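Given below, in the form of structure tokens, are the structures.
There are two complexes below, and they share chain A, which is joined by chain B in the first and by chain C in the second.
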Partner chain A sequence: MKRSHKSAYLLILPYLLFLSVFMLYPVLFSVWLTFHDWNIISPDIPFVGLENYQRLIGDELFFKSLWNTLRFILVNIPIQITLALLLAVALNQPIKGRGFFRGAYFLPVVTSGVVISFLWAWMLSTDDGIINELLGFFGIAPVPWLTSETWAIPSLAWVAAWKNLGYYVVIFLAGLQGIPKNLYEAARIDGAGSLQQFFRITLPMLNPAMLLVVILSTINGFQLFTEPFIMTGGGPANSSLSVVMYIYKNAFQNLDMGYAATIGLVLAFMILAASLIQKKFLERDTYY
Partner chain B sequence: MTAKGWSALRKITLYLILTAGAVLFIFPFYWMVLASVKTPKEVFELNLIPSKVTEASYAYMFERIPVWESLLNSFVFAGGVTLITLVFTSMAGYALARLEFRGRNLLFSTVLLTMMIPFQLLMIPLYIIVVKLGWLNTYAGLVMPVSVNALGIFIFRQFFLTIPQDLIDAARMDGAGELRILFRIVLPLSKPAAVTVTIFTFMGPWNDLLWPLLVARDQEMMPLAQAATLFGLEGQGGQWGSIMAVTTILALPVVLLYLFFQRYFIESVGSSGMKG
Partner chain C sequence: MKKLGWILVSVLLLVAQTSCSSAGDSGKVELTYWPAAHPVEVKFAKDVVKEWNRKHPDIQVKVEPLPASRSTEEVLLTSIAGGTTPDLTSNINPGALSQFVEAGGMYAIDKIDGAMKTISERTPKDTVESFKSKDGHLYQIPWKGNPVMVIYNKKHFKEAGLDPENPDIGTYSKFLKAADKLTRDKNGDGKTDVWAMNPNVEQTWWQRFFDFYPWYLAAKEGETLLKGNQAAFDNPEAVETIRFFKKVFDEGYAPKSTFKENLLAKGKVSMTITGPFALADLEKQAPDTEFGVVPVPVPDDMEGNQVITYGDPKNIGIFKSTEHPKETWEFAKFLISKKNDLKFLKETQQIPFRKDLEKDEEARSFFEENPLLRRFAEQAPYTRATDDSPKLTEAMEALSLEYQKSAVLGKKSPEKAIKDAEKKVNEILKRQ
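Let's turn to the complex of A and B:
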């Protein structure tokens, strides 16, 4: 094995180069930027200390975008888990056409967020949308799904859930198939009904899959951009402005690179913290 | 009710749920394609079969967007990222799986760590790097900065671990270098891994909006996802037919790919989700 040393370095060199230039260096650059004020054009880049951070703490719009993002996550996750679990449990029964159903649920996952945002923007449109027309048959007045401060975030959360659901169905299905069959047999012998089996065996055994789904959707939620960018433009009255949209605005409309980088860094830490907290919280649940 | 009756009822409920799910996920796509071929007036009606199929919406779209150019840009963007990823991550994955070298564990944990870095942290420095290199509105600017991919390394490494050592030893005996062994022997035996990496790498840039928004400012450099977005957002009030036409075109290549390689798409979720 010893002879392969040199060629190993040759083999990792290109990747290492890309990793350093386009990943490790940008991370350091990002941290450096948070202590500077720069509009990308000007040749001098004054050091401003913690000014960007102080500004962040007092920035109402930042907190609004953060709150919007959290609301999005809080609506998105329960929809996603309930529906994905329902479909995964149904798919896990001895049925015909499993491949077709699973394939159908997965279709939006591979489709561009751009396609899905425009498609749902149209279906949810207040005056021309099919959803409101269908609701009209039941005598429900048109709902301003994307143009009211109340409904904008829940609508986006639904669209994102619809897009990603198939992904989580696959994860839950893999989890379900990993549950030993003899657990159910033992429960049946003890006289447990289907519901009892679901809550006493299936759900607890699915904890790792559940953890994964919650973490992935939280990370996904913090990165929300395409849906509000296309469907609401962040409005009305910034009620669906996401953190990433706010970074985008600061960097590329206000040319405020230092401040945008500061929000980006804070966001990265929040994503990291959320994953760690959820991991800890949900893992503890496994051992009761 | 008899036991048999219960089990029949159970079956019916099961298929009802599954079918409702399939309708929920497939119908909107049908609705989209339908709108793109309906007459402008019919677009707003609820009929599920158009009284007349027309290409008017497509014609309008072609008038307003350089569709072929944008498709070409999408192919170069997604294809370029995929090619770089395939070559570089298979090389690194092979070194990590089959060769001893100092710093191997450090490299592997670094790759692991990079999976935790969200793109939103990188996008501003990356944009500045692109500007400083003079790469705005170039394919290099679109492709290079987003071609670092940890998942490819994982999938290749995992697969390469299963290749029999005898094959590698025999090739070494014949005097083949490691690069030759990788590209002539190991990679041809790793088609499933290569297809999986190709698929999920290609999908990312093809579907992406944020990165092109930053670096492709001229219309002639825009990938279709971005061109479609700008077209849809610039006040196409009521032109839903044409917007659905461009999103149909945008969705088509990936959906076709998906229909042919479904297994790999779903496996790529398995590998990204469960091992990540």
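Let's turn to the complex of A and C:
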């Protein structure tokens, strides 16, 4: 080892230590766990081979939670992307109080998800929530937002979109600011209207940001936990039970660490696959 | 390479220092105690610990309310996984304890010198026996019981033309008839303003201890849900219990939503199914409202029988992770001393498992002043806990789900719900 190499290794040592203790070890341990049966407390962890995987294949509730999570993603991402894009474009204009609005939209991102979930659970309550109260003025009958199998997932998707909006606005804003001004100037000279400019210049030029946002929100969507945990408890009738919540239930309610780790590993591969597919289909070259 | 060695040594020292900081330095023992996060219980715990710490400078206790979550059991499990268990907690649900015991997480109380003597002097023998685990050991110090009953608003009863002092609502049909009168649209806008009752609509497993389970126990005269390691609740009584709650929701006697406020205190419901722990909060939130207490109703053909209900017992557990079992027991002994039991009764309005309570002058005069609590105390001997099974949570979760599908969502007949629940519970129990 050359001397210069040695000091370089020394410099990255703290990070490597951190990485191995808090990332590598847990990941390897949980892979190992999928072949074992462990209830957290007991010192003996018997080897069970592929039993956990076999159980997963026949587990209706796992597939239900997966379906719930996919439904959540399908509702959440379009709302999130449309709103974030619109807001980013608006906040990119030289409007008054721009700094304030940028800050205000980011506030929910840094607020605790638990607090937000409690707040929205209260606002979405069927019988004394402010949302139904407002709808009542327009003659709309109370909607069981969190207590019906139809509405629970869309409601959670909305709350999650509201919370994360600011984060994606920032990504889009950064993307918007990277678009060369001369493209718009040229378009204007050629007589393009603002809608045309948006669809022909802004949207295509935002492709890398869009890709990032879609992948990040898909990953986030797969990890859905806080909102259903606090707002619906996974109900009614497991209609809002997400995969991560199912992992939690198996791990900390049923003490089935091995099975929970198995679902976790399968979920990780699903996220990886979804990200790769999205990358393949969404990524186009952006020319400057 | 020498430098690298030094860095490693300093990192190790740092780690060693942080991990040793809890051990204390001057031979002083430090214990951590987790009471339930209920405000009155936290206050009680803090008061008791303050006195203890003053008297025992060598054994200092630190109070940390149990962190809030969907259930205490989840918190305890998470803390066991994270190695952050306290020395003792006073919110052990006997139904969930065997999970910990089976996994070797609890300290056997009967192995502590003199502990059994103290416990059996304080608590009736049957109660102590009922809390013993299958291996014959006692892993929990019996602490308190909260018989589940129905608290009602006397003014609402009067308005609805029911007798507020001795309401005749002891059977299913009488109860439902009263519920129909109590559910009211006061301003004529077509929406209900006051509901008769508010059973929880969520599928959270322990919520069934406050609707399905006490009703079932009353109808089966105290028979619990499992027999041996088998579900034993596919019977007409269980079906009728679900049918009762299905009717409550179908007829709109109860709201199908969750609320973050105390509806009984706010006058939005007329009855609520709960234990004596609700009294302190009602007194605080609605000091001018008069409440009454009645036992849970029974099927029509059982009228007049002694009602048996869920006892919602909570006990004190010492964790195996403690480094000071003796000192922890000493503190637990102080916690369950007669003086502190009386203090607990008065401050939290909950009933300690103490046999001489009725005979005690101080307690008797307290009950005279608090007739509602006395009703609960009278019910206390006629209670049951849950079945002792390491799979209880999972089994209750399955039952709870079927209950919700039938009673709340109306997607299944009560017969089918009970049949499916029994099948699922048996599958769960069969899995190792």
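Note that in this section the second predicted complex is superposed on the first by the 263 of 288 C-alpha atoms of A that agree within 3 Å, B and C clash if a C-alpha of one lies under 4 Å from a C-alpha of the other, contacts with A are read in each partner's own complex, and residues count from 1 in each chain.
Basically, a residue touches a chain if its C-beta (ideal position, glycine included) is under 8 Å from a C-beta of that chain, and two chains touch if they have at least 3 such contacts.
Everything numeric here is computed off the predicted structure, so don't read it as measured data.
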*Combined model on chain A where chain B meets chain C, clash or fit*: clash
*Could you look at A:107 and tell me whether it touches chain B, chain C, both or neither (first, second, both, neither)?*
first
*Is A:130 touching the first partner chain B, the second partner chain C, both, or neither of them?*
first
_Quick check on the superposed pair: does A:254 touch chain B, chain C, both, or neither? Answer first, second, both or neither._
second
*Check whether A:146 is in contact with chain B, with chain C, with both or with neither, and answer first, second, both or neither.*
second
*Looking at the overlay, what does A:203 touch: chain B (first), chain C (second), both, or neither?*
neither
*With the two structures laid over each other on chain A, which partner does A:22 touch: chain B (first), chain C (second), both, or neither?*
first
_Looking at A:186 after the superposition, I want to know if it touches chain B, chain C, both of them or none. Which is it: first, second, both, neither?_
neither
*In the overlay, answer first, second, both or neither for which of chain B and chain C A:91 touches.*
first
*chain B versus chain C as contact partner of A:234, first or second or both or neither*: second
*Which residues would you name on chain A as touching chain B in one complex and chain C in the other?*
10, 40, 118, 122, 125, 128, 229, 233, 252
*Touching residues (chain side chain A, partner chain B) in the complex*: 1-2, 4-5, 7-12, 14-16, 18-19, 21-23, 25-27, 29-30, 33, 40, 83, 86-87, 90-91, 93, 95, 97, 99-115, 118-120, 122-123, 125, 128, 130, 133, 162, 165-167, 170-171, 174, 212, 216, 219, 222-223, 225-226, 229-230, 233, 244, 247-248, 251-252, 257, 260-261, 264-265, 267-268, 271-272, 275
*Of all residues in chain B, which touch chain A in the complex?*
14-15, 17-18, 21-22, 24-26, 28-29, 31-32, 35, 44, 46, 84, 87-89, 91-92, 94-96, 98-102, 104, 107, 110-111, 114, 116-129, 131, 144-148, 153, 177-179, 182, 203, 206-210, 213-214, 225, 228-229, 232-233, 238, 240, 243-244, 247, 250-251, 254-255, 257-258, 262, 265-266, 269-270, 273-274
*Give every residue of chain C touching chain A within the complex, in rising order.*
1, 3-4, 7, 11, 70-71, 73-74, 77-78, 80-81, 99-100, 102-105, 191, 201-205, 255-260, 391, 393-394, 397, 401, 404-405, 408-409, 411, 432
*In the complex formed with chain C, which residues of chain A make contact?*
6, 10, 13, 17, 37, 39-43, 118, 121-122, 125-129, 142, 144, 146-147, 149, 229, 232-238, 249, 252-255
